[in-house]
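Next come two complexes, and both contain chain A; in the first it sits with chain B, in the second with chain C.
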Partner chain A sequence: MTTGKYTTVSIPKSLYNRIKKLVEETGFKSVSDYVTYVLREVVAMHESEKYEEPFGEKDLEEIKKRLKALGYI
Partner chain B sequence: MVKRLFVLGLDAAPPSLLFGRFIEKLPNFKRLLDNSIYGRLKSCDPPITVPAWMVMFTGRTPGDLGIYGFRNRIEGRYNEYTIPSSKDVKYVKIWELIARRGYKSAVVGVPPTYPPQPLNGWMISGFMTPSDKSRFTYPPSLKYEVKSLVGKYVFDVVFRREDREAVYKELVDMTVNRLKVINHLLDTKPWNLFIYMEIGIDRVQHAFWKYFDEEHPRHTPHKEFGNAILNYYKLLDDWLGTFLQRFGENTAIMVVSDHGAKYMKGAFAVNDWLIEKGYMVLKDGVEPGTRISEAPVDWNNTYVWGWGGYYSRIFFNVEGREENGIISREEYPDFVKQFIKDIMSIRGPKGEVWRNVVHVPSELYSKVNGSPPDLMVYFDDLYWRSAGTLGYDNYYLPENDTGPDDSVHDYYGVYVYSEPGIRERGQSKDLSIYDIYPTIAEFFGFSVDELSGLYGESFLNEVR
Partner chain C sequence: MVSRPHGGRLVVRVASENRRERVLASAAEYIQLKIGLREAYDVENIGYGVYSPLDGFMVSEDLEHVLLDMRLSSDIPWTIPIIVSVTQEEKTFDVGDEVLLVYDGHPLAVMQVEDIYSYDKKLYVEKVFKTSDPSHPGVYNVLREMGEYLVGGRIELVDTVPNPYSKYYLRPIETRVLFRERGWRTVVGFQTRNAPHMGHEYVQKTALSFVDGIFINPVIGRKKKGDFKDEVILEAYTELMRNYYPRDTAVLSIVRYEMRYAGPREAIHHAIMRKNFGCTHFIVGRDHAGVGGFYGPYEAQEIFKEFPDLGVTPVFFREFFYCRKCGGIVHEKICPHGEEHRIRFSGTYVRNAIKKREDIPPYIIRPEVARVLLSHPDPFV
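Our next item is the complex of A and B:
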């Protein structure tokens, strides 16, 4: 069922209970709040272009090029 | 009430402009100052953006951090270096410290914070980020929020170009977009500490200083460019107005700069001077403007070489340390003494006395990590930057060697502090960049006893 901006997905009850316990002492208002947060992060990671380990060779070259243009190196 | 501190970092903002020349034209900064204590903030040595911001937000020295500038020499190599990244900052950042008490932070623009490390809150890395295609936020999903808001997110502007009009436009566009992002974070994220560092101030000062400052040796009056720096400050002032309206009553506010700025007299070609003094030998002649890394240096007969920048890093060619080292460990102490004497005796192009400053890292810092230079030299109190290139007939260069630049760094930046119910107001004593970390820590309830190994002190007792 979809109402307004939200929709419902199903997760196993046991997982729901684990999350409920987990979020008790955190700033998350509800299990939904937590699940949304975690999914956003995971999805963003997957969506991001196939990315090498940050600050690999390519990154370093980019930064060096910039610092050179800035006259720092 | 939510405990909140907003830190506005203005890279290179000097007291002479923010408290002096411009203040009457910046109504919102003026209003903030009227309700604050404020004064000069002494930078670290070297007074350079990297490491200064991390010195501020870790409370540690460049020696502790092992970061001495935008590049760190690989020990033993003549001109090979690494670029410091967030991974090189091994000490606890202020946002990590207060997270231990559950406080959330939003951190935008602080170098080096790329690649962003996880924190209790939100981060957008600073101008040492490869591009907005990189993973420049924490959490990673924030990147998509930012890009859906502003399209392309700009980290910095290349200011060393003759087309100043384009530079100015890019600076304004970059900042307007960043302010959109800042407002978005303010609107949508719960935060206790918010650090927003704007690099644009430094860039606009480097690019436009000669157009307004009558004392600048190459002062060039220009109707439009003469107001570029002021107009840029006004852009931030307008934003500050809306911020104060919204948060002013229940948020503490700090404005800080990592170092100051002043007009540039010129660039000193330190390697050409070394050649003349016999400290360096080339195998061949070179074209003017050759980078030291590309020069045919005869390392078997060279004692000293120098790197350029707003300060000069001096390296000695030491036996057993450098590949072709020729100064023995026994000779080293006397060699250093004699060399410092020579540096101190350098005068200006007209024979005028210079106030040269030489620092020995092991004397300056209690810990010296990483690969420090043997000496750190400020020519004429920083008025002359150091040219990293060589091959000139005359080692006094009226212009910068790596593209147009009108200003250099200065030792003193600014601090401004205001909080709801503040008791003291007005101009106050000089503080140090090392005082910021303990002050923010105390603001969030940390006691002196909990903060060991620091060099500064909280100044909250001055205002409460």
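Our next item is the complex of A and C:
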């Protein structure tokens, strides 16, 4: 059981058939399952390219001070 | 760069000094909601970003997605409900109100109430724990102890539960700076609730061979009778690391959290917490976060296949043991000898030996660690 909240995306029929063939030999339940899995993997990879650490120079000094005081650095 | 926080942004929900003083000074004027230790630790973990991207307790839409899809409504992987419940009698406020979350007389956080909703306890336990058997401690808690309504909304941390081990506590923002200072690009997280024996050390060091550093992250929280006390575990690890780990490859720091014993789902949650601390990898052991015989020995490893977008790489281990023929600590894949040559690491054996003040062979426990365990007149909870 899932939330069952889905929408439709169009892909070329030829690609669908190609995936269908592949899916038969894997543990995926359907073409949709496979496409969802692959998209999540790719999307997460692209998302991870844009990230900056959440501290400025001032925070950094404060944090380093505590880390030094506790003997971590 | 260490790992990107879960959901892309490290959440920090901590009140400014001014705001904190104002809230604490006017605490009596707030609607107060008493919470238990589990929620108190959850509040701390939300506030400091251990649970990023959560910025509060879950609203009904998120809970529904977590139960049915193992994801938040934003599609980000999430397996354990982070919720606060109330009984009919405690439901004295409405959506839009600000309530003060109070643990044992300590005001901990202000919560903006965004949702108050009922939920299906049976569905909850069957999804999270894969059983509705009340002899499972997590199931028992939901069925017998939780109120009939859940309250969701963003929180703002004003204080934390007093922490006797604060010198061992680093927030995710601090571990991230620390890993960067050490020049670590890959960090493996290790979760523990136990004093270290050689089996643990070998798992950690084997993982460490492939990454820049290890983050040893004991969970401090309610313990079962017979478990080692928190201070004993911390002292034992400190001794172990001082004697047997290169200083620049390992970090010891705690996290305060109450185990749910949800096996596979909880293993994912443990990995997410360590990802937020900056880990790129996470060690998943045999029957990770399990209890009794409720989960298969490698179920907690298999579930990772369902999350191609988790953003932290699980590292799976089988059991290590000492083999007399090999003359060392080995595992199934590298030792051809029979069971009669093998000595398994057993927590029960260690506990009994410590209780009887017996010597423990150095291939089971490092002598320095054994000395720590024996130096406490009563090392057990």
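Keep this in mind: the second predicted complex is superposed on the first by the 44 of 73 C-alpha atoms of A that agree within 3 Å, B and C clash if a C-alpha of one lies under 4 Å from a C-alpha of the other, contacts with A are read in each partner's own complex, and residues count from 1 in each chain.
Convention: a contact is a pair of C-beta atoms (placed from the backbone, for glycine too) under 8 Å apart; a residue touches a chain by one contact, two chains touch by 3 or more.
None of these values were measured; they are calculated from a predicted model.
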Touched partner set for A:Leu60, first chain B, second chain C, both or neither = both
Given the touch rule stated above, what does A:Val9 touch, chain B (first), chain C (second), both, or neither?
-> neither
Answer with first, second, both or neither: which of chain B and chain C does A:Tyr72 touch in the superposed model?
-> both
Residue by residue on chain A, keep only those touching chain B in one complex and chain C in the other, then list them.
-> 40-41, 43-44, 47-48, 51, 54-55, 59-60, 63-64, 66-67, 70, 72-73
Touching chain A in the complex: which residues of chain B?
-> 69-71, 81, 83, 85, 87, 114-115, 127-131, 133-135, 139-141, 143-144, 156, 158-160, 190, 309, 388, 400, 402-403, 405
Sites on chain A touched by chain C in the complex = 1-3, 37-38, 40-41, 43-44, 47-48, 51, 53-55, 59-60, 63-64, 66-67, 70, 72-73
Which residues of chain A touch chain B in the complex?
-> 27, 40-41, 43-45, 47-49, 51, 54-55, 58-60, 62-64, 66-73
Enumerate the contact residues on chain C facing chain A in the complex.
-> 1, 4-5, 8-10, 12, 64-65, 68-69, 75, 167, 170, 173-174, 176-178, 180-182, 251, 308-311
